[in-house]
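Okay, so chain A shows up in both of these, paired with chain B first and chain C after.
So, the complex of A and B:
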């Protein structure tokens, strides 16, 4: 029993999960407003867009790459769909379908460049991010779209679950199935863990990369649509500059930058950690100017502690072997 | 990364200027010449003028010094995402010291003392940030992207918390001179940038520290086993990177006559682009300051040229992104040609 507990404690998602629970207990003890249904609903809704995009980024990270361009893809798809909806009308099906298709296409462009140029993903996606976003700013001249159709902006909730939260739940569920219940998901883990081994086992590397980056683009575009629904407008520069926040959340959830490691549950906990922290601090009356300091400190402490633990474990392993 | 976007260390006796034997440098030099010829043909009277050269010389230092700050960690196989926030916090510290110590009626010696105090405080800020980053990277073995993601958020957070998002401005003329003044027609900021570039180039190429940095970038374990204190070299890498941010902070505050937590944030990813375009291997180990210099010249020539043609600055940024992809593409195609014509030359 004790050894089982100790083994469980070594798991990253258990550690992050306990921190989230402890923090939630702390905040609900200090502020009666924390543990109310409306506050928790707000909390989930505020972080639903981040969760959708994080699901896509997680798949790319597991495949051993990194995607910096997803916020730019989201901004471009958001704008593209908004123009079509305003001009020709449509429904939720066309909105999500068009955005997803466009986002996936832009993501696949990343994958093709990475595969055929043999360049590393961070450089390619920084280049395409710059390219996509500047083209968007050039075409729109920074102008926003406010006259979105009323069906698009009207509040939709089911059993008082906000619409963005439902979409986020579906996105995370689909990602979970893709990663841990499908053969392709295992291949993505394999590609990230050891690309050469994956190649020799006969995995279609180009196909897997197209899937990973296309999925990231797809989810980013869906997140962009949900974000437009929430704020009831499309501002070309609203999303850009937040890509590193999403990356921080996914990494807090235990995904490794060197590929092959990461789980959907960890990602959810990573986002919850940031969400509970910021929400709790707001309720305690801490100025929003202090968020950066707290978030930065949490990221630093978390990544340092994780690395320190794995270093100690390695050392213990060496000692046992000797 | 294709292998020859990266310079290979020359073994034969050193030529006078080793950079010319570097294929990346040749490629960039050709691209710069092509860009200059194209823009000169499109805007005959205006592009080839002193004004253009001066505009380029005024715009380059800021991005240039920040790119140097990005280059040093890149060569060690790392990355420093905190450069912009470090520069901003350092500028804010210096701005705070200056505006608190100097009043309109202050005698000259107070102004001099205040400037010295400000420089010292700004430098100390950067030293502390760089040292902490380096210690976490080196002694805890955390991936530099993660560490600097944390320090970036933390340092920016401190800057935002201290200023509540406001701008601090109004500096003595001696500071402003660094941003807008010229010596013999050369902008002071450009002199500062060239000085930094020469120092970094010398350090990377000709000092034990620089050699260790490149070795760590190639193979950290092998470097440690050959007796180099890799941990302390890595600490040094992030300290040097942060100190370059201090110089960048000076140029930035002088140019804007103000400091804020949010300046120049769009430069962060552009510095990585500029460094990699300049032939710095993002996996570490290889690269030349001269290559970085040429890539900065190329980017500035493109932006100034498009500006003269009346294009939107957004389109220029799009062209920058495309330039990167095209440069990698050219290197890949050239690789295949070399492999076909001269198979022995390729590993």
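So, the complex of A and C:
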């Protein structure tokens, strides 16, 4: 029993989960407004866009790469779809379909550049981020779109679950199935764990990278649509600058920046951790500047703890070997 | 030496079905001939060693088997069907599985998933059934008589177990031939025994094994035949029973080596280094030793006997709990490796590739890295003239073979890299040099070169502590031998008065 508990404690998601629960208890003790249905509902809705994008980014991180361009892809897809909806009309099916397709294509461009140039993903995606976003700003001259169709902007819910939360739940579920039940998903873990071995086992590396980056672009675009639906407008620079928040959430959730490691459950907990922290501090009236300091500290502590644990484990491994 | 024709005759005299025959294989890369008219036959279920020095064409031959390279000439006959070349897929379909030295496993995935990974690639639309995958993996392991936790992450396993996982994965792919590239390089004696046992099981399933190695001592116990390559040509194929270590190195290098002992030490009798009662809990205890200038002191013992820990202590990287170290009679405390360097101690590590050298940097930079503060001129900047003077001197004296001192170390052969490591330490003008397993991963010819360097150093009056688990090496290269066992020095020998066999027994007592 005790050893089982100890083994469970060593799992990253159990650790993060415990911290989320402790923080939630802390905030509900200090602020009666925290543990109310409406606050928790808001909390989930506020972070649903981040969750959708994190699902896509998670797949790229597991494949051993990184994607910095996804918010730019989301912004471009958002704008592209908004123009079509305003000009030709449409429905949710066309909105999601077009955005997903466009986002996936931009993501695949990343994959092709990384594969054929053999360049590091962080450099490639920073470049494409700048490129995509600059084209968007150039084309729009920074102008926003406000006259979105009313079907697009009106609130929807099912069993009182807000629409963005539903989309996030579906996105996470699809990602879960992709990563844990599909052979390609398992190959993506393999690719991230040891690229050379994946090549030798006959994995289609280009295909896997297109899938990972395409998926990230796809999810980013879906997230972009949901974000436009929530704020009822499309502002070209609204999403830019939030890449690192999403990345932080995924890394907090236990995904490794060196690839091969990461889970959907961990990512959900990583987002919840940031969400509870921000929501709680806001309710306590802490300034948003202080919030940045606290978030930064939490990420630093978490990343340090993970690195320390793996270093200790390595040392233990060496001792076992001798 | 046996001629190729004689050897070929032996091939025919033993009747066993050939599984794969490589006939008259030639391959060149650019202007370099990697293989010339090589024949290589693998019979079903046999254990075959492919031996040769680095650059003899072993890896090219394996890559032709794996379908990575297509030969320029020759035939590959599998089960009587002739092919001009194989594709990687065709090679795997024929049942050829290569286990590379790095094992190519997925450290982040479980044992079971690693064994069954091929399914993900081959049946890429069927949903993954974790439970079934683990059952299959256990099946494969039981065929080899292996038990490993299927759910454990491979990255947490010791190297020896990882190797078993790689073999299981080959078996799961319905291998008929498993090629192992340098499989014993990082294993202890005990682990090698376990590996050989597993190879025996493979054999009983009719699966052939080819060992590619230049350290064949252990493997020879189980091998039936040995094929030796030299300079891209087959020297011959011999029954393993006819080959011993000396004969093998002759065949591999084409030179006859005389294994003479060192003459008795006749130098300065005043010790330069004395160690009394040195202990560090859990590592070594009550170690006494003395080394004189120009003397080569061999320390041998198995992995885990405390030899490397002791060496690190003498280099200031592993402070002792008790005991004293004296240099030229003066008591010293070595708390960091910088203090050790200042006290005149040099250390050449076992892992020369990752610890001893900065691979992408130039030969010159590597040589001067530990003496940069002695090369400073105006304003504390490096004096280029003095730098190149120092570099040229050591490249010349140690015969480092390179076009320019500014080439990256990475491009050098193993033996030449080892010389650069030595040059780096010689530049610090050490009084005592600790060599930890200096010839690990170095082939026979280059080994001889390193021994010559060691002798030269000793002749210059440098005291040398040679740490090695190769019994033959300490026996022939030392003036005196200490044996470590379980953290203690259990015996001291004069090489002239002990046989290799006796020494071996004391080491594994």
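Here is the rule we go by: the second predicted complex is superposed on the first by the 319 of 322 C-alpha atoms of A that agree within 3 Å, B and C clash if a C-alpha of one lies under 4 Å from a C-alpha of the other, contacts with A are read in each partner's own complex, and residues count from 1 in each chain.
Simple rule for what comes next: a residue touches a chain if its C-beta (ideal position, glycine included) is under 8 Å from a C-beta of that chain, and two chains touch if they have at least 3 such contacts.
Because the structure is a prediction, the values reported are computed rather than measured.
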Contacts of A:193 with chain B and chain C, given as first, second, both or neither: second
Contacts of A:170 with chain B and chain C, given as first, second, both or neither: neither
Chain B versus chain C as contact partner of A:128, first or second or both or neither: first
First, second, both or neither for A:261, with chain B first and chain C second: second
First, second, both or neither for A:203, with chain B first and chain C second: second
Touching partner for A:181 - first (chain B), second (chain C), both, neither: second
Touched partner set for A:30, first chain B, second chain C, both or neither: neither
If touched residues of chain A are counted for chain B and for chain C, the larger one: B
Overlapping contact positions on chain A, where the chain C interface meets the chain B interface: none
Residues of chain C that touch chain A when the two form their complex: 88-89, 92, 100, 102, 104-109, 113, 117-121, 123-128, 156, 158-159, 303-304
Contact footprint of chain B on chain A as seen in their complex: 68, 113, 116-120, 122-124, 126-131, 133-135, 137-138, 141, 241, 244, 247-248, 251, 257-258, 287, 289-297, 299-300, 303-304, 306-308, 311
Of chain B, residues touching chain A in the complex: 1-2, 81, 136, 140-143, 145-147, 149-158, 160-161, 164-165, 265, 269-270, 272-273, 276, 282-283, 312, 314-318, 320-322, 324-325, 328-329, 332
Chain C-touching residues of chain A, taken from the complex the two chains share: 180-187, 189-190, 192-194, 196-198, 200-203, 259-261, 313, 317, 320-322
